[in-house]
Each structure stands twice: as C-alpha cells, then as structure tokens.
Amino acid sequence: MTTVILLTVTGLVSGLAIGIVVKFYGTTPNPLEEKLLELVPGANCGGCGFAGCEGYAKAMAEGSAKPGACPLMNDAVVQEICALLGVESEARKPMVAIVCCSGDDDHAQRMAFYNGVNDCQNAMLVAGGGKGCVYGCLGLGSCARACPYGAIEIRPNHIAVVHPELCVGCGKCVLACPRRLIKLTPKSAPVHVFCSSPERGALKRKFCSAACIGCRKCVKEAGEDQVSMNGALAAINYDNPPDAGVAAACPTGALRTTAVMESTRG
Amino acid sequence: MIKQLHFYGGIHPVEDKVAQSVPIVEPPILETYMVPLQQHIGAPAKAVVAKGDQVKRGQLLGEAQGFVSAPVHAPTSGVIREVTTCLGPSGAQVPALLLASDGEDAPADPMPAIDWHQASPGDLRQRISAAGIVGKGGAAFPTVVKLSPPPNKKIDTLILNGVECEPCLTADHRLMLERAADIVTGAQITARILGAKKIIIGIENNKPDAIEVMRQAGADYGIEVCSLRVRYPQGAEKQLIYAVTGRKVPSGGLPADIGCLVQNVGTAAAIADAVCLGKPLYERVTTVTGTPLVSPGNWRFRVGTTYSEAIKLAGGVKEDPIKIISGGPMMGMAVYSLDIPIIKSTSGILLLSKDELTQFAVRPCIRCGRCNDSCPMGMMPGILSVQIENQRYELAEKWHVMDCIECGCCAYTCPASRPLVQHLRRAKAEVQAARRAKAGK
Amino acid sequence: MSENTIRLPDTSKLVISSSPHLHEDDSVRRIMFMVILALLPACIAGAWFFGPRALWVLLVCVASCVACEILCTRLMGREVHVSDGSAALTGLLLGMNLPVTTPTWICVIGSAIAIVLGKMIYGGLGYNPFNPALVGRVALLLAFPTVMTTWIAPMTRRLEWAGVNSVTQATPLGVSELTAGTLPFSYWDLFWGRTGGCIGETCVPALLLGGIFLIALNIIRWHVPVFYLATVAIITGVTHWLAPAQCAPPLYHLLSGGLMLGAFFMATDMVTTPLSRKGAVVFAVGCGVLTSVIRIWGSYPEGVSFSILIMNSLTPLIDRWTAGKPFGTPRRAPREVKP
Amino acid sequence: MSYFQEFWKGIWKENPVLILMLGMCPTLAVSSSAKNALGMGLATTFVLVGSNMVISLVRNAVPGKVRIPCYIVIIAVFVTIVEMLMAAYAPAELNRTLGIFIPLIVVNCIVLGRAEAFASKNGVIRSGLDGLGMGFGFTLALMALGAVREFLAEGTLFELQVVPGWEPFMLMKLAPGAFIVLGFFLAGMNLLKIRQARREGKKYTPPEVDCSRCNICNR
C-alpha cells in the first residue's frame, strides 16, 4: 500500500513540475523543418551551398533557399518538397563535371620528375608541376580527394576522369582543381572539348598530341551556332549542343564523347 | 665592432662556395635576349615597344603598372623580334620580349646623373623607380616601395645584407670585393632617402676579405661592418636585424615597425649606378656553380640571358645534372628548362648531380623534434605539417604558420625527409586565400 | 675551348621539388639502428648475467615484432616499411623489459600486443600515442603477474649447466619494500647489475654507455635522462631523509629497477614524447615525480613503465603548453582579442 | 515486415551491441565470463519485452512531452521486478557479480532506446517481438564476448575447463580485455559488412577513423 501511495505522490509532484516548465518555457519546434529534414538526402555534401543538409532544410523552411538547389535530390523528392512549401517547381537541368584535358602520360609530355607532396595544389608550387603544357591536368588527384561521391578516378597514366554515373554535379572538384580544368556541363550534352589550353595550336602540339589545335574542322562539321572558336580552342555551345557524330571530325581526339581516351590513338 | 646576438635555431650546411675566388666576368654580347616583362613581385610591366622596333641599350621596354611594379629596360641594342611569352622560374608563362641583338651594344641616352648630396628624397625615389630597381636578394620586391615607408614609421637604421648565407652562392661576396665603393655610395643614398642615421653592413665571418674591404670603404662615412657567425639563415631579414641590432621584428610585422630597413648589397650598387650614372637596371651578377659544371664562376649577366647560355659560359657540364636550381640550394626554385632567362632577381644558377639529390618521401613524422630545434622562427614545423596534411589550415594558422620564412631548415634536418617547406607554403597560400575571402565578404 | 665541345645538360631527366635542395645525411632508419646499437651493450650484459636464454628471449621478441608489423601493414593495405628498424627496436626494448624466464609464447603475445595494439591500430610509426614496448610490457605485467615477477638471481643460469639449480631472487626494489631500512644489495652489485631483474635493465654501465652514445650523436636530448634521474633523486632523497624506514636512499633508487633503461631509452622515444626542449624537461620531471610516487607509496615496487605511459598520454598537452612563441612575439603578449 | 523479421532483426541486422553500439556499460562490465553475460542478458531481455509491450499499450494515451518520465517509470517497474526475482531465485554468486548492473538496466540505452524508437510507434505484438529479438541479440553478443574473454583468461567455458593447464591470462578478465575483445568483434563486423557489400557489388567505405588522418590530440 505504501508503495502505491508513494509512487502516486511522486508521480503527481513530478507531473506538476513538468507541467509548470512546459507552461512557461515550452517551445514549439518547426514541423515544416522537421519534415524537410526527413526529405533531404542527408549526404551533407554542401552542393546546395549551405552548411549540410540541416542548414539547407532550415533555409528552405525559412524560404531563403530553392528546392532545386540540391544536386542529389531526384525530381520526385523535389516535387514533394515543392508541394510541402507550396511553391512552383522549376525544371532542373542535371549537371555533370568534366575534366577538360586529354593530356595523360601517353599523349602529353612531362618535362621533369616531380618529387614532393602528392597533390596538384602542392605541385603547382614547385615550378608549376613539371608538365610541358602549363594548362594540363597534373593527375595528382586534388579533385578526386575533394569529391564526396568518389566519382573522380585518377587513371594510371595520370589524368583525372569523371565517372558521369556517379557524379551529381555538386561542383566541389571545380574549386579543388588548381588549373581550373573542371567544368560543370549539362548531363545531356554528348560531346565535350577535352582541352583547356588557350595557346596557339603549334605550341600546344609541342607538348601534347591530344590537344585542341584549333583546326576548325568541328566548326565546319557542326556549324557556328553549335561549336564556336574561342581563340585556338573549340567551345561547345551547351544551349544547343552538337550530336555525337561531330567527334569523328576531330583529328587529335580532343573533341570526343567519352571522358576516357583510348591509348591507341596517341 | 658591434656585439652580435645569436638567433635561435638555424643550421650549418656545407658551404661549398667554390666560385668565391673567381672574379666577376663580363660575358660577350649574345645574339638574342628573352626579356620577361615580369621580373619582380607585383603587376607585370606593360610593353611600350612593338614587334620590329629598334631599341638601344638601357631603353625603356616596359613601363610599370601600378605602385607595386617595376619598369624593364633593354639589355642591349637591337630589334624586337617578337612579343611573346616565356617560361619563368616559377613554372608559369610570363609575357616577354624577344630582343635580337645587333651586336653594336649602342647605349640609349642615359638619364641625367643626379648629385645625391643635394637632391630631394622624392627625386631620388623617382630615379630608383624609373631605373627599375628591385631587391636583388631573391624576392625581387620593387625597391621604391620598400623605400617609401608609411610616414608614421621612422627608419633610423639601414642594414646592408652582405651575409650570403646560402651555400654555393658567391655573387654578393664578389660584388663586395669588386664594387665596395659603389655599395657604400648606394647605401648612403638609401640612408638619405629614408633619413636613417646609422648604416650597418652585416657579413658572415667566413668572408674575412669582404669584411676587410667593406670596413675600409665605409670607414670614412661612419658605416659599421658587423661580422656575423656562420649560421644559416643568418641573411634572413628578421634574423639579420636581430643579430646586428638586437631588435625583433614583431610577428606579422615589417622591419619598418622597429625602425629598420634591410637591403641587399647588390641593390645598393644598382642604386648607385642609377643615381650617379643614370644607368637603369638591366644586368646583375649571378653565380653559376655546381659539381657538374666544368668551370663555375660569377658573371655580370644581362637580363634575358637564358640559362643555357649561362651554362655554356661556365664551360658546359661534365655529367648530366639531376636538378637545376634558380637561386641557392636552400631557397631556390628547381626548374626544368634551360630556356628560362636570367632576371633581376636570379642570384645563382646551381646544378646538382645525382648524388646530391634530396629525395622527399611521404613518410610519417616520427616527432624527433629536429625541425623544432632548427626553426629560426621558433615554430613547430612537424606538428604543422601533420595538420596541413589533414587540411586543417585554420589550425595551422593558430599554430603560427604565417610566420614561416620558408628558409628550409626544417626540411634540411628532417630524418624522415618530409617535404615540410612545401606543406608550409601550401598552408600559407591557403590561409592567405581564406583571409582574402574573409576580407572580401 | 671550342664551341662544339661544350656539353649542355640533358633536361629530360631533371627532377623538380620544393626547396631546400640540400639535406642532412640522416634518416629514420639510421636513427633506429643507432638506438639498437646503443642497446646492444645492455643486451650483452643481460646475456652475461642471466645466461644465453636471454638472447633467445630478445630474438623471439624482435622476430615476432617484425612479423607482426609486416602482417599488419599487409592487412592494412599499405606499403611495408619494416626496414626502417622501428619494429625491431620495439621488440628489442620489449625483450629487455622481460624476465629471462619468460616463456616463449608469452614473448610472442607481448610482441603482438606491442605492435598491433600499441602501434599499428593507431596508424603505424609516428602516430602511436604510447611507447609500444611499454604497452607490451604493461599488458604482460597485468596479464601474467606471476610470470612477470619471477626473477632469478644473476649468474645462476650459467651454473645450471654445471648441475646447480637456478635460484629465484627478488628484485632490489621488491626487497626494499619488504625489509626497508637494511639494504639487501651493495651499491656495487646494483651498479654492475648483479641483481635480479629484467634482461636489459640491471647493468647500469652498459646502459649509461649506450645513453651517452645517443646523446653524443644528438639522437636523444640530454635533458630527459638528466631531469628524470634528478627528479627521482631529489624526491627519494627528501623522503629518505624524512622517513628512512619507508624509502631507500636515492642512490639505491637510481641504480635499481628499470630507471636507467627507462630514462635513457624509453622516456626519450621520439614518437611519444614532446617535441620541444621545454616540453622534454616537463615530460622528464613528470616521469620522475610519478616514478618516485609509485615506488615509495604505490602498491607496485616498480613505477618506471607506468609513469612513462601516463606521461605519454599527456604529450599532446605538453606540446601545446610548451609550443614556442614565434620569433618576434613580445615576451608578454597582449591578450588576444577574438574577432 | 513479418513478425519473424521483427524478431530476427535484433539478433543480426540491428544487433544492439555490435551494430547499434547501445548498452556499452553492462557490455563491458559484465562480459568477463559467459555465465555473467547470460544472466545479464536474460535480465535485460525480460525488462525489454515487458517494458516494450506496456509502453506500446499506453503509447497513444501518453502525451509526447511527458513520454520520457512515463517510460522511465514503466521500465523502473520491470527492473524492480527482475531485481527481486533474481534475489529470490538466481544463484547467489551470480547475483553478487552482477550487483549494481541489474538496477542500472533502468538507464540502459537499449531499453529506453527501443521504447522511444520502436514501442512508442508500433503495436503490442510487434513491440514484444522487437524487445525479445533485441534482448536475445544483446544476450548473444554478451555471451560471445563473455565466452571469448573467459576462455582467453582461464581456458574455461561456463566454468568448465576446456584446455587443461592454461596459464591465466589476467588481462582478458580486466577492463582492457573487454575493450580489446569488443574492438576485435566490431572490426570483424566491419569486415563482414565490407565483404557483403562487395559481394553485392556496392561500394562500402567504413567510417574514416584512422589516427594517421586525424590530429585531434594537437588541437
């Protein structure tokens, strides 16, 4: 009997205490934010520009971020979030990163052996890394380490290659590359120019057999509105990209469909 | 003689100054010169000549762009064959002019000589700026910027740096022996511009002949010569000031904060030339040395002489070098091409053979603490490098990475052969970028 | 010299790297082998006093440490760097910290603990917070207390061959706990190592020889042994003066147990001790205080291994406290204003 | 999810000790022998099943703000019952070694964690099965730890001599032994997970905990 009375009294007193605290200090959590937090992917990649998924959810709940900013969400989730927030959903273009260089060890000349920290940004501090083409990929993997999805592979012949099926287009690698070789491009574009050197064609040829030499054959093939020349470098118009067939026109292989270049071409 | 103080740490590498008894030689005029328009820290100069223009020796080729910049002058007379780019020692392409010499070496009309005893500091500064003088110690900071300290900072002591603590290099040593009077004049001009009362020349005591010559040259003008203990990096600005004056440059500060200014002896000689003779800076004394060379020595090279020409003058090589270094072995930059031209800051060209090669390894730090003991800045390079490997740059900033002077003592002593200096340089770049981003916000 | 005989360098084989381009002629491997070399006199002394089985114990420890390291690096998918000698050194130090009667399989277990749990799980050489050899020894001490505290009197093992049984004998420190006041060993015996104890810890002159060799080579800092021994001497001296019945005289403490081995070879282990000179002094004094406290008032007769391990755990803190102010920082820095 | 799966997940896929890393305090403390581990595991299982079912019954009646005090009271009731039962029927020696760890089940993460994460959202039968599965998972993991430790320390299993003449390996009986064996168990689990992921053709990266990549000590 004592047990029952004691437990009852204890329960009543504790309940009262909790009741008072709730009454005076209780806060109501934002239910919208909690729901959003369940919907966001939770990878914390930072691709949206906020501090992790939680920050993004909070920003969306406050209305300061758009549902389409996350590169990871599929369209269904975006639709759901839009419905939750009561905003119109926008059409998104899935982006993918490409490394605009073909200068692997089979094609591009290395002028010196680099001895030091295995990182492109560190190598840049030592006579520019020792690659003949001062615009080429150093292949030491700063981008691969920056990629939260493991989508960038450093090939054995020292060039970074993005695997489009793993890439979500978060853009972290773009900032990590000291030579600014990585570009975000629409996933739908079939061909890319895998060269970034603005040098004259003859000078490029000296160091790299796979460079864009500015021969304009692709421009003739596809037309000015699809491929244009930016100095000695061909540039794809990504608003109106040419189809895959134009790659056959390129004599060096700089313009091609796949990121990996067959080593037979060199 | 001034009582000298010892800075903490430092190392004593093999001196190897084989060319110190070889007098400076004037090389013959070459067929072409590749003159880079950026030979200094700051904005590159803007070309004022075009392809096909006829130029004379000392004529202005590029004018300074902005305050931290310096003009570039023609090393000889000839025709501008091309406006192009060339590879600099840092591995980047820099704008350059290819000058084809006509072999006559005809001088342009020199700037009028100035009587520096009478001229105002402003006029003198302007002349130094017009002559394109930059620090010849290695960093190539435009001298006129250094000579224009903020008005609230009074400089009372001018220190001439004749230490040349880098192993192998002997250019400053030879210059002091052969042009002592000009160095003294240059120092006095600098002191007049700054209003400095005291001039001290710091020289390491492994160069007794230079100490003697400079002491005699400076005796009449009240210039003191301080004989310094042989310890690398004795010639680093902060360590030199401490050794001769006992003052410490505050962390993150400049020598001007404690009323000092350090100038290389070569810069002083160039100032004397510019002011007294009206001659712009288009040549410099450079040591070409290294075991693979046939006959190492010191030459007064015109700016734009390529490394291959310099090595030819030194008799070529006996064996293939494994490393070519622009500058000294401790702080110089490794280069991979012989087409790089000598610029105003090239203090030496050093060739290393295979058995002298330092092989860096990415092996763990065993925390022996030698870097700690040898760091002249009292930092902890070992701990810093581990932090930097993990990309903890904000942490490295807290552990004073920005105080690093990149002297290389830590990597020299590291038994695990870790590339410590490279780590530290990377961290400094990252911290600077972060600071800039913060300031921009 | 004519123009065509001048040979220009071939640039195709050039190496580029960060400055400096000179390097002191030293390496991790050389350091490790110098320490091993410095330990050899004490090993030989151990073999002389305790019989050839001492060599067997040392050999087993070294071999199993090296084997464990190779196995671990393979499993971790890393390059095998066993040739730097650090595993062999750990094995040697561990062996020197074991009684000569330790069964072979216990030696193997100790080595495995030292390398796997003391070193490799932290990431290998350079990342271990505790001295691996001491981790192995302390683990064995906790695991097999009877085996690890059974000592035989020196020189008796060799008599065994002549038909005389080996005699067990307490270590000097164990004895001094039991019958304080009267010293069971003469200082001379203690100095030469004619006492019971671990293989490598008894012969003081051999250890001193090795220690001075390392100090002369600038591999260890003289600060550590000097401050360590001085602290122990001062504390035990004061305690002995105040309570002679409780504490043996300072010289007795200095010459007995593993103090010499610890001060010269354990507390100076590079990886697990502070980087700076100041830090080393703090570390050594801390070790000295802890050793004296454990020896005088603790329940264990010996405290060297525990004190060094405890101070090992404080190393990062000591590093932080003693981090040098960079050149040019005013002695009394103004309070840092946080932005 | 079928009832059987609800039960089975606690034993393997969501094992409280080896996967969820819950209830570390009793895990490390009482796994010194297989017998202790069995006793502790069964006591916890009893509490888990009972509290899970009761909480599931009252889950709709309890307001969200006071759910934790309510759960604690319910759990405390079952712990008190099991404590008294054990005092009455369990061997005195087992009771003595388990000691304070039986009352401490009140604050065991597994019990409160299942109440919060599962019982408060699911029906009575499912909650009961969840509690049973979790309890058995806990018991099995503890017994495995206890058996390994006991065997290494004494050469025995459930106090039966398995290897005669075993030199006592005291380290395993002590606290460090618990940490070391648990560490190896977790490493083994990670290895299994990696293998499984590889077999399914997925990329599995274990959490990056490696001292060579961390310098928290030098903060």
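Letters A, B, C and D name the chains as they come in the text, with residue numbers starting at 1 for each one.
Quick note on the criterion: a residue touches a chain if its C-beta (ideal position, glycine included) is under 8 Å from a C-beta of that chain, and two chains touch if they have at least 3 such contacts.
Here the structure is a predicted model, which means the values were calculated and not measured.
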Chain of greatest Cα-centre distance to chain B: D
B-C or A-C - the one linked by more C-beta pairs in contact: B-C
Intercentroid distance (Cα basis), chain C paired with chain A, Å: 50
Gap in Å, rounded to a whole number, between the CA centres of chain D and chain B: 68
Interchain centroid distance [CA atoms averaged], chain B/chain C, Å: 47
Length of the line joining the C-alpha centres of chain C and chain D, rounded to whole Å: 40
Per-residue multi-chain contacts in chain C, two or more chains: 11, 13-18, 123-124, 126-127, 319
Where chain B touches two or more other chains at once, by residue number: 333-337, 360, 364, 383, 419, 422, 425
For chain D, residues that touch 2 or more chains besides their own: 212-213, 218
Residues of chain A that touch chain C when the two form their complex: 111-116, 125-127, 130
Of chain C, residues touching chain A in the complex: 11, 13-18
List of chain B residues in touch with chain C within their complex: 7-8, 11, 13-14, 167, 238-239, 242, 248-251, 253, 292, 308, 311-312, 315-318, 320-325, 327, 329-338, 350-352, 356-358, 360, 363-369, 372-373, 376-380, 382-383, 399-400, 403, 406, 408-409, 411-413, 415-417, 419, 421-422, 425
Sites on chain A touched by chain D in the complex: 7, 11, 14-15, 18, 22, 26, 150
Partner chain A, residues of chain D touching it in the complex: 65-66, 69, 73, 203, 205
